[in-house]
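Next come two complexes, and both contain chain A; in the first it sits with chain B, in the second with chain C.
Presenting the complex of A and B:
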């Protein structure tokens, strides 16, 4: 998680200063906005595991996000199960959905845009299913009963919600860093760079990829559950909609895919930009997506390694040359 | 150590390899020669588990490994390298080697230590912290070898590790391979660089149009009329003979 250059240290510092400053600004608008951005950052971190480290660009992370949210909501609303258990179940459901999609797609050797299309198709099928069945509340969605408290995982205080989200984002990032420097992380990067060479070195690439999808699915499911607990309402368009999938991939790509900080920085930057544009142009609906598209195209053209990649080139810390034998 | 019997593979109507058999004794260096398109690499992919043979069997250390997936075969101690070397970009040289070492060392510190040790043995000590993508061709060939060694494999199938190297680099790699062999490894190598084959291989097989046409010491093979014709065309052996007598 250590920054490798002055530029990266500045970028991370800016993000941290912004996040900390919200405690002193006492602006409910900004805090609400940032709470949203943090939930998106968790899906972005989920996408980063498969798309960033594993090179499997999914276009349908909404499938896992929505499954997590719906699993938790159905358990709480339809079966009256405790919010904590439902919370855990949402994460497990997200992981299971990720593993299922991965197992199917990789069994047939899907890669690149074919994999992206299949994930998109899964998310869309799930969206349509969720809007048609009674257990998911059909077209009207599911609403949690408002009962603030620790046992229901609902909090009135914005600052409390914000703090919990900050802790969760930090935990997910710490897990990402740990994965990156583990055997699994090295194998995942090897699979991204050259699958045949990875197989020759004794890596069961199919298992590694499915495992990555399961971990990514767990993070995405977690984000879905967080959305549910913060806003207490979900419907099929909100949690299975392609907007979720797009936001999941755009943050890491702009911030720097395959880095620990990239997804958070990219997501925060984009949301600030989108919010700023909305205020300037008087809330024209959908304008943030137009802006995202422009930023995405520019990032792909000029910043293939995202903001973290750009910052890495500014003021590189000198590495000590130990052991030149 | 390795017994390949009657291996055959067709792609559509094309018989890429037919009835190929070979043996690699433990501690040996065996060459696999043949003109371009003879089926050498196809042989390798079948032995290492990347493609399933239509017929035939591969036995490694007495165990039948025919049709097993590559990662299982690698775990048993046989590994192949690739003709076109592609280091894992975005990782340092040491981390690249560690990907191989992780096979039997699950802990990062341990795998990195093994990687450092293997890297130094192959004369890459000064490059360990460099990004792998910055290596020259010669460096990449060494890295490919280092990664394979780090898995702890005992039998290495090398696919043209000398291709694209200048003569001084070839003699360095030849030295390295000999050193690794003396440490208890066995090699089966596809090679076009005759300087390397002549000085390294104890025996060699020659493949042409998917069939084994000759087997012997490299010195016998260069005088074999069938081998000469495979490389230089029909009638070439006779003309060479005439040239010698004239």
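Presenting the complex of A and C:
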């Protein structure tokens, strides 16, 4: 997690200063907007596990995000189960969905574009299902009853929600860093770099990839549950929609895929840019996505390692023995 | 119930012909450039709007707009591939997918901004005149689309096998380096191929508009169906795309009949997942990717 260069230190420092400064702002608008960005950052961190470290770019992280959100919402709304248990169940459901998609896709050796398309198809099937059945509330979605309290995991104070999200993002990032430097992380990166060579060295690549999808799914499910607890309402277009899958991949690619800080920095940067554009263009719908897309194209062309990769080249601390943080 | 099946199959076939036409463009691009064009559906949406505005502002019948939109979209496709997609992606497969995804986002959201999310359709009375066939009543517009799409596929095939440009495209598809050595301009050929793929979409849009509607989101639905068609037919196979398109139209129609209208598309996506899992080489594909 430690920065490897002056540039990265500055980038991380800026992000931290921004996140801390929100406590001292009088207008609640920025904090509300950053709460959204942090939820997206969690699903971006989830994408980063498979897409960044594993080199398996998914176009359908909404499948796990939505499954987490729906699992938790169904338990709470339809069965009246405690929010804490539903919270955990949402994470487990996300992990299970991730493992299921991964097991099926990797069983038949799908990779590259095929993997991207099959994840997209899964998200779409789940979206149509969620809008058609009674248990998921059909087209009108599911709404949690408003009853703030610790037992229902609903908080009125925006600063409390924000703090909880900060802690969760920090935890997910710490887990990511731990995974990256664990044996599992080394296996996963080996699979990304050269799957055949990894297998030749005795790594069970299938198991590693499915495990990565399960972990990624757990994080994505967590993000979905967070969305539910913050907004108390979900429907199929919101949690299974393609916007979730797209935001999940754009942030890490721009911030730096396969880095610990990249997904958070990319997501925050994009959301700030999108928000700024919204103010300039008087809330034009969809224009933030146009901007994201333009930034994405430019990043692919000019910043192949994302912002973190660019920053790594500015004022490197030591000799290049490790790529980036 | 059984009396409903035949009409459902026939109506599915007419929709399937459109799917096939959209997929022909996509599979051509995949077969030659080995890229999956995510913006394909967005280009279809753009063509639908173009045909719509030509009708509304100039009173031009969508069928008569074909000679205008076909070359226009060929040029658009050429420019996109030559000066946007190729230089911006740097040749990596994953980057191409992401660049075309970004293009789709840009086109879709600009359409949403300029034209709002209102559903629009043109009013061409004769398009809904029904044609009776084997006890099924089909709108004339759908029947025209069916036969036009069926005619377009062999024309495209003739172009690919009988013309110099078609030979160049096939040469580049098989052996890029070799084609370069014998003097074929590879970047130009790629762009031409992309242009033809985009022109297919313009044709599909003109045939579709009289009996369909247009919204900024319409491309997303079609692109997923087109991916399914291309994969089912075997990536890069023109006859495969034609058969798969017709098949998927029927699958969708029958799922709609048995599971209810809103679940009709489920059949397509379930078919997609099953094909990707069990036979990613498709019906007429040569070998697994």
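The rule we apply is simple: the second predicted complex is superposed on the first by the 318 of 325 C-alpha atoms of A that agree within 3 Å, B and C clash if a C-alpha of one lies under 4 Å from a C-alpha of the other, contacts with A are read in each partner's own complex, and residues count from 1 in each chain.
The rule is simple: contacts are C-beta pairs under 8 Å (C-beta built on N, C-alpha and C of every residue); 3 or more make two chains touch, one makes a residue touch a chain.
Since this is a predicted model, take the numbers as computed values, not measurements.
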Would you sort A:258 into first (chain B), second (chain C), both or neither based on which partner it touches?
-> first
In this superposition, the partner of chain A with more touched residues, chain B or chain C, is C
Examine A:197 and indicate which partner it touches, taking first as chain B and second as chain C; both and neither are also allowed.
-> first
Figure out whether A:182 sits in contact with chain B (first) or chain C (second), or with both, or with neither.
-> first
Identify the partner contact of A:308: answer first if only chain B is touched, second if only chain C is, both if each is, neither if none is.
-> neither
Determine, under the contact definition given at the top, whether A:12 touches first (chain B), second (chain C), both, or neither.
-> neither
Would you check which partner chain A:242 touches, where first means chain B only, second means chain C only, and both and neither mean what they say?
-> second
Please give the residue numbers of chain C that touch chain A in the complex, ascending.
-> 36, 84, 87-90, 93-95, 97-99, 101-103, 105-106, 108-110, 112-113, 220, 224, 227-228, 231, 260, 262-263, 265-266, 269-270, 272-273, 276-278, 280, 288-289
Contacting residues of chain A [partner chain B, same complex] = 181-183, 186-187, 189-190, 193-194, 196-205, 258, 319, 321, 323-325
Within their complex, state which residues of chain B touch chain A.
-> 48, 50, 69-71, 74-75, 79-82, 86-91, 95, 98-100, 102-103, 106-108, 111, 120, 125-126, 128-129, 147-148, 151
Within the complex, which stretch of chain A touches chain C?
-> 57, 59, 104-105, 107-110, 112-114, 116-118, 120-122, 124-125, 128-129, 131-132, 242, 246, 249, 253, 284-287, 289-290, 292-294, 296-297, 300-301, 304
